[in-house]
Amino acid sequence: MTERNIQVSELDRRAVEDQRVEIVERKGIGHPDSICDGIAESVSRALSQAYLDRVGKVLHYNTDETQLVAGSAAPAFGGGEVVEPIYVLIVGRATKEYEGTHVPVDTIALGAARDYLAEHVPMLDYGTDVVVDVKLGQGSGDLVEVFGEEGATVPMANDTSYGVGHAPLTETERIVLDAEERLNGEYAADNPEIGADVKIMGKREGDRIDVTVAAAMIDAHVEDLDDYDDAVRGVEEFVAGVAREHTDREVGVEVNTADDYDDGSIYLTVTGTSAEMGDDGSVGRGNRANGLITPNRPMSMEATSGKNPVNHIGKIYNLLSTGIAESVVDEVDGIRDLQVRLLSQIGRPIDRPHVADAQVVTEADVDVGDIEADVRAIVDGELADVTNVTRRVIEGETRTF
Amino acid sequence: MTERNIQVSELDRRAVEDQRVEIVERKGIGHPDSICDGIAESVSRALSQAYLDRVGKVLHYNTDETQLVAGSAAPAFGGGEVVEPIYVLIVGRATKEYEGTHVPVDTIALGAARDYLAEHVPMLDYGTDVVVDVKLGQGSGDLVEVFGEEGATVPMANDTSYGVGHAPLTETERIVLDAEERLNGEYAADNPEIGADVKIMGKREGDRIDVTVAAAMIDAHVEDLDDYDDAVRGVEEFVAGVAREHTDREVGVEVNTADDYDDGSIYLTVTGTSAEMGDDGSVGRGNRANGLITPNRPMSMEATSGKNPVNHIGKIYNLLSTGIAESVVDEVDGIRDLQVRLLSQIGRPIDRPHVADAQVVTEADVDVGDIEADVRAIVDGELADVTNVTRRVIEGETRTF
Amino acid sequence: MTERNIQVSELDRRAVEDQRVEIVERKGIGHPDSICDGIAESVSRALSQAYLDRVGKVLHYNTDETQLVAGSAAPAFGGGEVVEPIYVLIVGRATKEYEGTHVPVDTIALGAARDYLAEHVPMLDYGTDVVVDVKLGQGSGDLVEVFGEEGATVPMANDTSYGVGHAPLTETERIVLDAEERLNGEYAADNPEIGADVKIMGKREGDRIDVTVAAAMIDAHVEDLDDYDDAVRGVEEFVAGVAREHTDREVGVEVNTADDYDDGSIYLTVTGTSAEMGDDGSVGRGNRANGLITPNRPMSMEATSGKNPVNHIGKIYNLLSTGIAESVVDEVDGIRDLQVRLLSQIGRPIDRPHVADAQVVTEADVDVGDIEADVRAIVDGELADVTNVTRRVIEGETRTF
Amino acid sequence: MTERNIQVSELDRRAVEDQRVEIVERKGIGHPDSICDGIAESVSRALSQAYLDRVGKVLHYNTDETQLVAGSAAPAFGGGEVVEPIYVLIVGRATKEYEGTHVPVDTIALGAARDYLAEHVPMLDYGTDVVVDVKLGQGSGDLVEVFGEEGATVPMANDTSYGVGHAPLTETERIVLDAEERLNGEYAADNPEIGADVKIMGKREGDRIDVTVAAAMIDAHVEDLDDYDDAVRGVEEFVAGVAREHTDREVGVEVNTADDYDDGSIYLTVTGTSAEMGDDGSVGRGNRANGLITPNRPMSMEATSGKNPVNHIGKIYNLLSTGIAESVVDEVDGIRDLQVRLLSQIGRPIDRPHVADAQVVTEADVDVGDIEADVRAIVDGELADVTNVTRRVIEGETRTF
């Protein structure tokens, strides 16, 4: 019998899928906020790995505050240029020395950011289109202590915090998430004109889903306005196709609705991100840990990206609650909507939350009592295996934004 | 008969007051995230005012990205010192010239930040404890256009965005909000040892409310550990008193629970904010527009502070939906919980949202149909008066965090 | 008998006073380069004093690299405004901890800069017209060692370096130096329109001295072009009067020669320094240690301002050679021109230079042999008293630019 | 007959070659000050070229203020690492728009700096070992005007300034210059352990020349202390060989004299420059326009690197006077030492200096009168061809440091 405080109850609302109006948003990987999330998380992974390599354990750090200051650019059909560079400041603190071993956290952070940008926003020429600087403090003397031996015991919560996760995704959520990922994946591979900064908003009213896409086009691959229009149509068709894979509802797709061809006002960029021209970004201002912004669901304000995955409870509980929700839905039938909340208590082992709260909307023919034991067992097992979250984050297997 | 798309319906959940578990948080005015919110909003107000004074209308700007990099400090009973300054970077874009008139947006922004800090975190010695710098771009050429003549027509939405507001506050919400405000008000006036960085978390389980306060104490006003303990007890009693004004439920208050007197690990600061030592901050990472973080309620991710209040729909709709919810509850009886959502559509006048959605939980003896017309009328009136939100923001009458 | 390697010989050139063409320049206290020199030296003094106060000795530091990035401004008769702030970056390294005592070198440096600017360029509103930031490294581990016990032994030279000093000043040199100092002193006290950024060039051809003054006028104290012209005339007359105190030669004075009243192109500023508009500055780019730039004389490239005065040989030997030259000329008659060079050798006590070289141009009726012993004795005495240079620098009694 | 004010006269001192004590210094290409000079000049060349390419003429700019803030590093035999990056700030102003054509001066400057570092300090990993940022202002409205049509007329002097040049180099000067260039050339090609930061001081007393070399060794190519010692000996022998090519005087060479093998205190670096650990740098603090620091000769304080070569008189006259001196000595026999000074007058064409002053020390059997006409003719011709200096600078054919 478990000692964990796990509560399973009925969720006192309709499943989101059954609500009348649903709004879902995803800022794609090249959106300024997502760039910050991505850099912050890549810096975090690089630091964790460096600590493991050099001292055998992850030391105190927190790098969840990257700030991006937009540049300015002069896009032009066939290829324009960045005029003023994007400026990125990596902010946080990290342990620089441990028992005589120095860890070059600044250069590690810069290297991680450079590698991340090269992979995910490859049109940005490093050092001219974007300047990345770093300010990592040493942090509080009190906190500069060891954060978990490798393979060792469960750490204590460092804060009173909570995490919340959901499953399964609604159709609208799946469309928004899948469309962005595939635009930045298979579609971009074949269509080099599409930039990494794709922002998708899905709105469902009853059985009508409208998907609005803002997609930054890369000028070097767009010859003229006709070409641009073709690019827009291409995205439209592709997203409509993706949507049809996820729903039988009526779907409308609109791409770059703010364009005005007569004015020549179109979403053309040099580098494929609006960060080149006027759009600043920060960590934690965009997608939540499950990759989406979902005003129909409770969300945590906590930024997940960039935080230390060993004992930063805000990060761990957001990821864990999402993981639990997904596991439960995978393994237990009859659940139409599930919300898992984890609330920590400072100083308590993180596998023993103050409360773990699983609330379900069951299918019509299922009663909460029918599945309660199964749900409880899964929650219990995942909590027991909490350090697995840490491992997966360090190995880059877990989405944080 | 109105042309606005206003929908009034029953909210398909229990009132938050009636839910079993409720979590509420507020980051006080001296918290690093709140400092950023406060600076960003004061910069915004100063720019709006400067534009009105100089060119008679508010020009394009957006300053919702202040980044704070923590300093380091050596607090000591009786008075320590800041070792490395806090660094604050004001980020955004603002129109620097309009029809031949130059507006010194950089120096205006710096002046606003300096004045704000002097008033709200007065222990920070400007220029040594904190360095403030500014990077304001000129922004997109397309967007550098006029944003609303004074006293004139309703602008068009600049984005597809939404806002959400609630009323009335629950007991727990009121306790958390009121406790922070009064600690930083009347209590601080009599007890100079309390810093501006007060973070309060309220957790209600059934009829038990636990209030956890983290209050940065100012070392110059704390002679020794006994004195510190007295200060902690003082806060505890004061918050307990505030709570009793708002509820008959059982209340527990804990202050600075992470302290360990034996280790000498206490929450002592030089300047009254954790920004002096390791806690970075950003705009939009803390309180929502109503001053609270409320995971039990839908929240918008949109940062409200620092945005242009003339046509930045993310800001306006968050403030307006909150305002509408409060007005409705003030004027219409029988509402136990009300949630107002406003969804914009790019290019549509902002007083004509795509949908304005008021969902209510009524008192047991009230039916939605009984109050629908009243609610609709109030929503309609507030939407018609949308430019009032702008005016109130510019005059500093509206909370944004 | 001394063990010091002191050489006294005849200088193989005419006295500068007797050369046909002589050029002399002084960048006044408000010139961007001088602002950097002044800040760097004030930071240095503040650090020395802080080290003495806290650990009883001056620890390793070097702060000779302040960089000023010009702002932009919109001056206007009656009072204009700064548009983009001047940015000042204090650069260097300083010991941050010594045997458990922390020294807050960053905040000390910022405080010193703020105080310096308030006193010497008072029109600059701190925090809006000028932003000052600091980057002080910890420096090489090898070098973070004690730099001289108070009142203790002579340190070793840290470098192979040299210093050079001269005396007496020529008439042209005295005019240039005195004019700048008195413009920024008695004249400014009575004429608030004159800014601190006064740059004076003196050129003598035979017996004709031309003094060219560039004087930044402060717009708040200048009503119109007539008023400006009066201000220019006032400076002209004042400088002519100063010149007449120093010479019987023919003197011409020109002020703000680049002005073009027809074009409205005049030297009007908001803050009294060209740093507000386009003129950047650095340490060591302007006046040498004696306050002048004298291409007719050998000069050291070494920046004097900002360096540690305890064992930074470049600083000490420039100041000491100047001091020696002045002492010799004060005490020994018959010297028309004197040049003192000190060359250090790494690792040798600084009171034992590799060579101390006094070269003289004697009056017609005096032979070097007549004064050699006296000169040698003074050089020897000043070298023996080398730590006095350190003391005087720390107490702010010595000019460094 | 020329209208130029050219004066040829006897120099009233001994040739530097004949003076008893001579000091010469060169900061090698990898020295922090030289890195700044090199970046500033490469930025200047890139801007000139970009202006010519885009608008057909060089527009106003000045980029002579690059600031380098040292990093920190942990060198180790076989290969260490940079811990904190070097920070380089490119400072200045440049015209960003001309008659509707935008010139991306910021990204051009960053690109030039990146290319320069890659070529000259190749061990510095861009973006991790060194972060380069840029602050280029728009500059004074008055000065944002065209600076010389291509192939067109001689511009007016922008300032009262002077330049000074010398020829021929003394033996000591040639040794110092040649040694550094060949260490960074042929020697480095064969000996990868030598870094670009080589600092050479030559001191001649009578007929004894002592050459002191400080050479940063690159740890990845140094296995152990023996290996290091071999590297030091290699430099010693090489420099001694270079010296013997230039002089028959007695020569002593010492390399890395501050090393202490017992303490393990040696000049080992990761990247081959002391900028990685504690040595900051600025433009104009090191070598003069002829590549040397020569306290025995008059020097201009003016920074040559980074300035606009079209009408920045400080740059042009320093380069031109050096060029004239070299031409005269090449073409006219009987000159033992020559000093050329050019003094500008604001608003006068730069080929018409206020005075051009050639002072010579002739060989024993030559009289100034014998060569005056030849000297005058060469000076006149070079002045007439002043725009050639501009062309050569833009094409990178002229040394500036």
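Worth a mention:
Think of it as A, B, C and D in the order they're written, each chain with its own count starting at 1.
In this section, a residue touches a chain if its C-beta (ideal position, glycine included) is under 8 Å from a C-beta of that chain, and two chains touch if they have at least 3 such contacts.
These numbers come from a predicted model, not from an experiment.
Contacts with chain A and chain B are shared by no chain at all.
With centres computed as the average of Cα coordinates, no chain lies farther from chain C than A. Centres computed as Cα averages put chain C at a distance of 24 Å from chain D. We define each chain's centre as the mean of its Cα atoms; on that basis chain B and chain C are separated by 51 Å.
Mean C-alpha positions place chain B and chain D at a centre distance of 56 Å. Counting only residues that touch two or more partner chains, chain C has 84, 87. Contact topology of the protein chains: cyclic, one closed ring where each chain has exactly two touching partners. Residues 74, 81-85, 87, 96, 102, 104, 106-107, 110-111, 114, 126-129, 131-134 of chain D touch chain A in their complex. Listing the residues of chain A that touch chain B in their complex gives 9, 12-14, 19-21, 23, 62, 64-65, 67, 69-72, 84, 87, 89, 91-93, 135, 137-140, 142-143, 160, 162, 164, 201, 203, 205, 212, 257-258, 265, 277-278, 280-286, 288, 293, 295-301, 303, 341, 343, 346-347, 355, 357.
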